[in-house]
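First chain written, first letter: the chains are A, B, C and D, and each begins at residue 1.
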Amino acid sequence: MTHLTRRSFVGTAALLAAPALIRPAAAADTVKLGCLFSSSGTMANLEGRLNHVVRMAADEINGRGGVNGRQIEVLTSDPASDWPLYAQVGRQMLQQEKVAALFGCWTSVSRKSVLPVVEQNDGLLFYPLHFEGDENSKNVVYVNSPPASSVLPAVDYLMGPDGVGAKRFFMIGSDYVWPRTINKQLKGYWKSKGIPESAWREEYVPFGFSNFQTLVNQVRSFASQPGGQAIVVLTVVGSSIPDFLREFANQGISATDVPILGLDMVEADLEGLDTGKLVGHLNCWAYLQAAKGERNQKFLADWAAYVRAKNVPFSADTVIDPMVSAYDSVNLWALAAAKAGSFAVPEVRKAFAGLSFNDPSGYTLTMTGENNYVSRGVFIGSVNEKRGFDVLWQSPNAPTPVPFSPYG
Amino acid sequence: MTALVVDALTVAFGRFTALDAVSLAVDPGEVRAVIGPNGAGKTTLLDVISGITKPVSGRVMLGDHIDLTKRSEAEIAKAGVRRKFQKPSVFPALTVRENLEIGCGPALPARDRPARIASMLGEIGLGPRAEVPAGRLAHGEKQWLEIGMVLAAEPALLLLDEPVAGLSDTETAQTAALIRRLRRPDRAILVIEHDMGFVEAIADRVTVLHEGRTLYEGSMAGARAEPQVIEVFLGR
Amino acid sequence: MVEPLRALLALCCLALLTIPAWAAPLDRAAFAADLCGDGTAQVRGPEGLVQAGGDLSADDLAFAGRLLNALAERRLSCPADGALLLDRPDAPEGHDALTGAVRPAAEARAPILSLRQRAAIETARGTVALLTGPDPAARAAGLAVVERRIATVPAAVLDRARDAETDAGLKATITGLAQAAALSSPDPARRLAAIAAVAASPSGTAQARLAALKNDPAYASDPAFQAALDAGLAKVSRAVVIGDGLAVVYNGLSFASILFMAAAGLAIIFGLMGVINLAQGEFIMLGAYATYGVQEAFRRLAPGLLDLYLFAAIPVAFGAVALVGIVVEALILRHLYRRPLMSLLATWAVSLFLVNLVRVTIGTQNLQFAMPAYVSGGVPLYADFVVTWNRLFAIAFAAATLGLTLLILRRTPLGLDIRAVTQNRDMAACLGLPTRRIDRLAFGLGSGLAGLAGVALCPIYSVNPGMGSGFIVDSFMVVVLGGVGSLLGTLVAALGVGGANVLIEPVSGAVAAKVIVLVGIILFLQRRPEGLFAVRRRR
Amino acid sequence: MSGAVQTALAGPAGPARRAVRDPLVAGLVGLCLAAAAGLLVAPPAPYLVNALGQLAAFAILAVSLDLVWGYLGILSLGHGLFFAIGGYVCAMHLLAHGAAVTGVLPDFVQFMGWKSLPAYWAGLDHAPYAFVLALALAGLVAFVFGLASFRSRVNGVYFSIISQALVYVAMLLMYRNDTGLGGNNGMTGFPLLFGWPMGSPGVVTGLAVAALLTLAAILASTRLLVGSAIGRRMLACRDDETRLRTLGYSTTRLKLGIWCLSAMIAALAGILYVPQVGIINPRVLAPDLSIEIAVWVAIGGLGRLGGAVIGAILVNGLKFWLSAAMPEAWPFILSGLVLLVVLVLPNGLLDLVGWRPRPTWLRSSR
């Protein structure tokens, strides 16, 4: 990474002298992959670990002899949670470093910022997060699930006899596109099931909002109205998640009264909380750490070993969905490149059709030629006393992703 | 007609009454000195006249028509009032010439400025220092520069707040001479000063303020004879 | 374990006296198999137990209770046959639920509960606790669970509990609940009693239950029923409105106390020195980290006293952050008193430095705090109004801080000096006050107050390096609105801003509430820059 | 705009001579022109061209702040607002233009469920109108806020705090999805600039050259302004506003005029910035970013327009470089730099080379 940046940014500072400073691309025996994950700023705690996962995956592949006879070289950077900087660094990686693919972005806004760059340069961006869908660029591989193939099954579960037979819904989200899109699609879905509009409420809070007293009061009063079991669909993000959970528990509402489906909730959000009073609340992802199977055991062990070996500044025993998705991304790219026998983006893209990869979640990931989405399984997790999630339910197979929701 | 009428002026800061129904009248061409011990309200009086402080009640009339308490500092200045502050208030980042140029006021046409500035430079004796930033001047030079700045606009009412504070005897004498030169039938001058000798040298009449009230108004000699004045001020 | 068992036995004897005959004993093997079965069975077992609860022997109930507790606490292990009770989750071996024999748990599976099963099991555990709890507190806890799911609990359970209850207060509560459960009883008299009983403990749920009865045919045909229902409903509605009102007041108060805590130190620093301390939020963060340090020290050195760490953290956080403040003052700000805008940039740099120092040395994750009982959970006070302990802690903390700060400012020599310098720095210096030293101490005091805010925020917000950044705009607006140099002004402003936010939020949403309040403050300050309470001074 | 400013623009020849005598500004203007010419003749890698263009936009922003802070003593902690106004209007123009040419509605419009662009977007696809609108809007907002503040004599740190609150309010508003300008995600995916595909080398170079030329023009003209009689009044106002008022000058009008001018320059920077980075979102309204602008100015040297340019380019260049090369170290370096400048080099890094065109007496506001 020092190579990349020193070379280029000295150039920036030295203005016109810059071209002389750019050395020719690296030797021909490696192929470069670029990472766009922040290790400083607001996203650091989450994104930072993905840099290491990508390296780990690349190391594994290199250990098996690399791709098409070449070793993978991973370039990382720090866009510092500053959205325009993602585009800036991405542009540089594509134009100067000629990376074969980019792996990066957590928030939708950073992806939107990089999107024009990959499209203009015909690059490939592997995006490891679940997101709002309704986008289908040929230059982005959407490794995680759009709402229609992940959130709807979870809501279905809660509405069904195995769940709580939910009839009424209180949606609380951070005020931006992802929660609003999810809620819009949910409303469309409920309408299609004949559920009246009076059965739901929708509230949005600003980013970093923490004073949830009034909202929890409202949830309580909403739940006490007649009309059937109420649930909370929680799409707040960041520090609002633990703050909401804490207030919810402190006001004495338990999961058996009003369960919360926290769509962005991961283990890290339970840090610092007494989960004894939160047991039973739900989340839903394409991977949970508690997933059964040898492949997951191996991945967890590999990660722990990697953390220790490389002195990675993140927890050795916490693995969250986006980490696995980043790991899947590298492997999918390597498979496609091997299948194409080339690193050229158009060739690699053609090779996506029919690709499959057995990932740590236990499902077999598949891609079709129709779009750049990946079929993933669905897990519903349930908060346990140990600040983790138990697998409460998982889909029988990996549903076909639906980029554009039919419900809104 | 009078140049300046202060009518039952009251100013309060919080619970503290700085001026309590003070009245005075200054005739055109007069040099009036306002004296009084510290805290008597002298500077507050100038603050009200120049528009920096708004009174609780009372009026300050300039000429017969203009109520200064209803106007902003800039409007008051445009009406022909200039004030020299106690602490020399010049613009340190600007040269002497630039300070004087600003002193000419916004109304003076640009073509008339060089002449006015030149005459002021001569008047205050800073001609050789014209291109020096005011921040580098000595204290006395700053006092003179400020006087030059306020004179550059040829004010009808000149307010001088302790113009000789911190000056040497020679400089004080020069200043007294300058003020005497400045007397004009169409100009009133209001001076606040502690230096009794200086006041005696320049003032036609004095007003003695004490704790926000007028204690005496009349000639300097009369003030020296007034027992109350002696008690609070002169006697000490 | 022995004491409760003996009490259980005693209770059983008591129960034997009142209810002479049992309908049918519990099929223990089947019950154990159900709890180890699939989701449906796990619901069937507990539900069956609740239905039969009125008639089962105390022994059977105790047996079921052990199994249910083990299941809920993840101590139930399911081998191919029967069920094992473990001493702790994931223990290598356990006692067979039926025979008591020790068996290895290696091959057994630990069932994971879904919400539906959890609800059924919770009800069953509540029922067992209500019927066999060794002391009134345990039975009351059981009753609270049963009350929440009253619709699924048969009347026989309540009747039996009422008849067996020895505690008069609890007995009355059970009686009331049993009466309330009879809302849809065919007996008109019981229904009327039920309405009165429901109305006696008002809540949103009670209101909904009563409101549903308006569609009952009896409402149209039976004037007595109609009158009783209307009266009951009116009573409940009134209580709910009052409860909601109390909640608004409480929410406003708690938000205001947070704002005040964040702004109090600033009020002193800004009032005294005119320094805009942009690092104040980071001082709050440091206070929270100091609290964490105290907690960890307690964990190592005095685990038994862990619950008291929040109190021990008060002087530590105050002292530590005050020290940081004094160092910052001595190294940086003292050179900048004549240039307030530069001191603003300097404190911004300090805040950037502190955030990243903590990020690099400790990490970005939320800190893990043990939450003692006095700052977790809450108690329903009236209707739907719940007093949450962590917020009450913050309110009390803010009140204590206010009192203490006023005491320091009004009654100590330092306070006198500070007030003198605040009101007229030059005069104070002329009088021989060491204004520089007073500045430093006052800056220390202001920083220390931020440290205290950090302690108060630990039970409320997540603690991480970035936690301080959210406070800075709000707290400056509070200080300026209140009037610089007036602590009481800061208090009034905090109350006003907190109250306005809470009042507007339900109407227009949280974002708009914040925007409206801030715009209001900006407009106000442009009309009256000196704020609410500042004394007009001579320029 | 106040009459005072008009006089300044039509000022006498004297100030022009001064500008020439300011070697720093003259040198920077020359450098900008040379860089622009260099880009046209032999453009380096597009991402470098792009970075250079961004730096130029930041430099314009810094100049706009220096104008009010360095020369009027008004520290605005809300200049991000005007930058964002320029940026948002520019983004709206790019999207409207793209929609007009391609017929495809922007992402967020589809997301809001609108069938067409809202009525107030009408005409935004015409660049001149959008340009004028951006400047006018920034000027108008500045005028209203400035009028209210300056008339009530809000100044010094109070003005800073209130302007920070203003930008914070704007951020909250823009983060709101219902505000209708893309919420958190803001606006992105601009397809075309004047009909040319965005991101093509020609457009990238053109934008960077435009930014550099604008910087040169802004630098030269603001230098003329501060060297004129108006500039002397600004300094006078900075150092002793009451004094200036009692000499008959309406400082409210003076401050308001310069304040609005500064806001429009900031908006101009925003207009140049957005097409180069391809995204605008409410983050530019974060109070932190507005403070950072002040940091650029302070580091380069307050009250010397060239200092602002150097500060902006230095800090952002370092940021581009170090936040990738030494991400852990960058915040420490930045805070150290600020403290160094504030404590040791009160007139900014230019003190290091001992370059003093005229003493700046950094007197605080009263």
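Assorted remarks:
Here is the rule we go by: contacts are C-beta pairs under 8 Å (C-beta built on N, C-alpha and C of every residue); 3 or more make two chains touch, one makes a residue touch a chain.
Quick caveat: nothing in here was measured; it's all calculated off a predicted structure.
Counted by C-beta pairs in contact, the busier of C-D and B-D is C-D. When chain centres are defined as mean Cα coordinates, C lies farthest from chain D. Measuring from the averaged C-alpha position of chain C to that of chain D gives a distance of 46 Å. Centre to centre, using the average C-alpha position, chain A and chain B are separated by 73 Å. Chain B and chain C have CA centres that are 66 Å apart. Centre-to-centre, using mean CA coordinates, chain B is 43 Å away from chain D.
Within chain A, contacts with two or more other chains are made by residues 40, 175, 204, 206.
Those residues of chain D in touch with two or more other chains are numbered 172, 175-176, 242, 328, 331, 363.
Of all residues in chain B, those that touch two or more other chains are 52. Remark: chain C residues 270, 274, 276, 278, 332, 335-336, 338-346, 348-350, 352-353, 355-357, 360, 469, 472-473, 476-477, 480, 511-512, 514-515, 518-519, 521-523, 525-529, 539 touch chain D in the complex.
Contacts from chain B toward chain D in the complex involve residues 50-52, 72-74, 76-78, 82-83, 85, 89-94, 98-99, 101-103, 105-107, 110, 133, 135-136, 149-150, 153. Across the interface of their complex, chain A is touched by residues 39, 74, 112-116, 118-119, 122, 148, 203-205, 207-208, 211-212, 244, 247-248, 250-251, 254-255, 356, 359, 363-369, 371, 376-378, 380, 384, 386, 388-391, 460-464, 466-467, 470, 501-502, 505-506, 509-511, 514 of chain C. Within the complex formed with chain B, the chain D residues making contact are 4, 12, 229, 232-233, 235-236, 238-240, 242-251, 358-361, 363.
On the chain D side of its complex with chain C, the touching residues are 69, 75, 148-149, 152-154, 156-158, 160-162, 164-166, 168-169, 172-173, 175-176, 242, 287-288, 291, 294-295, 298, 328, 331-332, 334-336, 338-339, 342-343, 346, 362-366.
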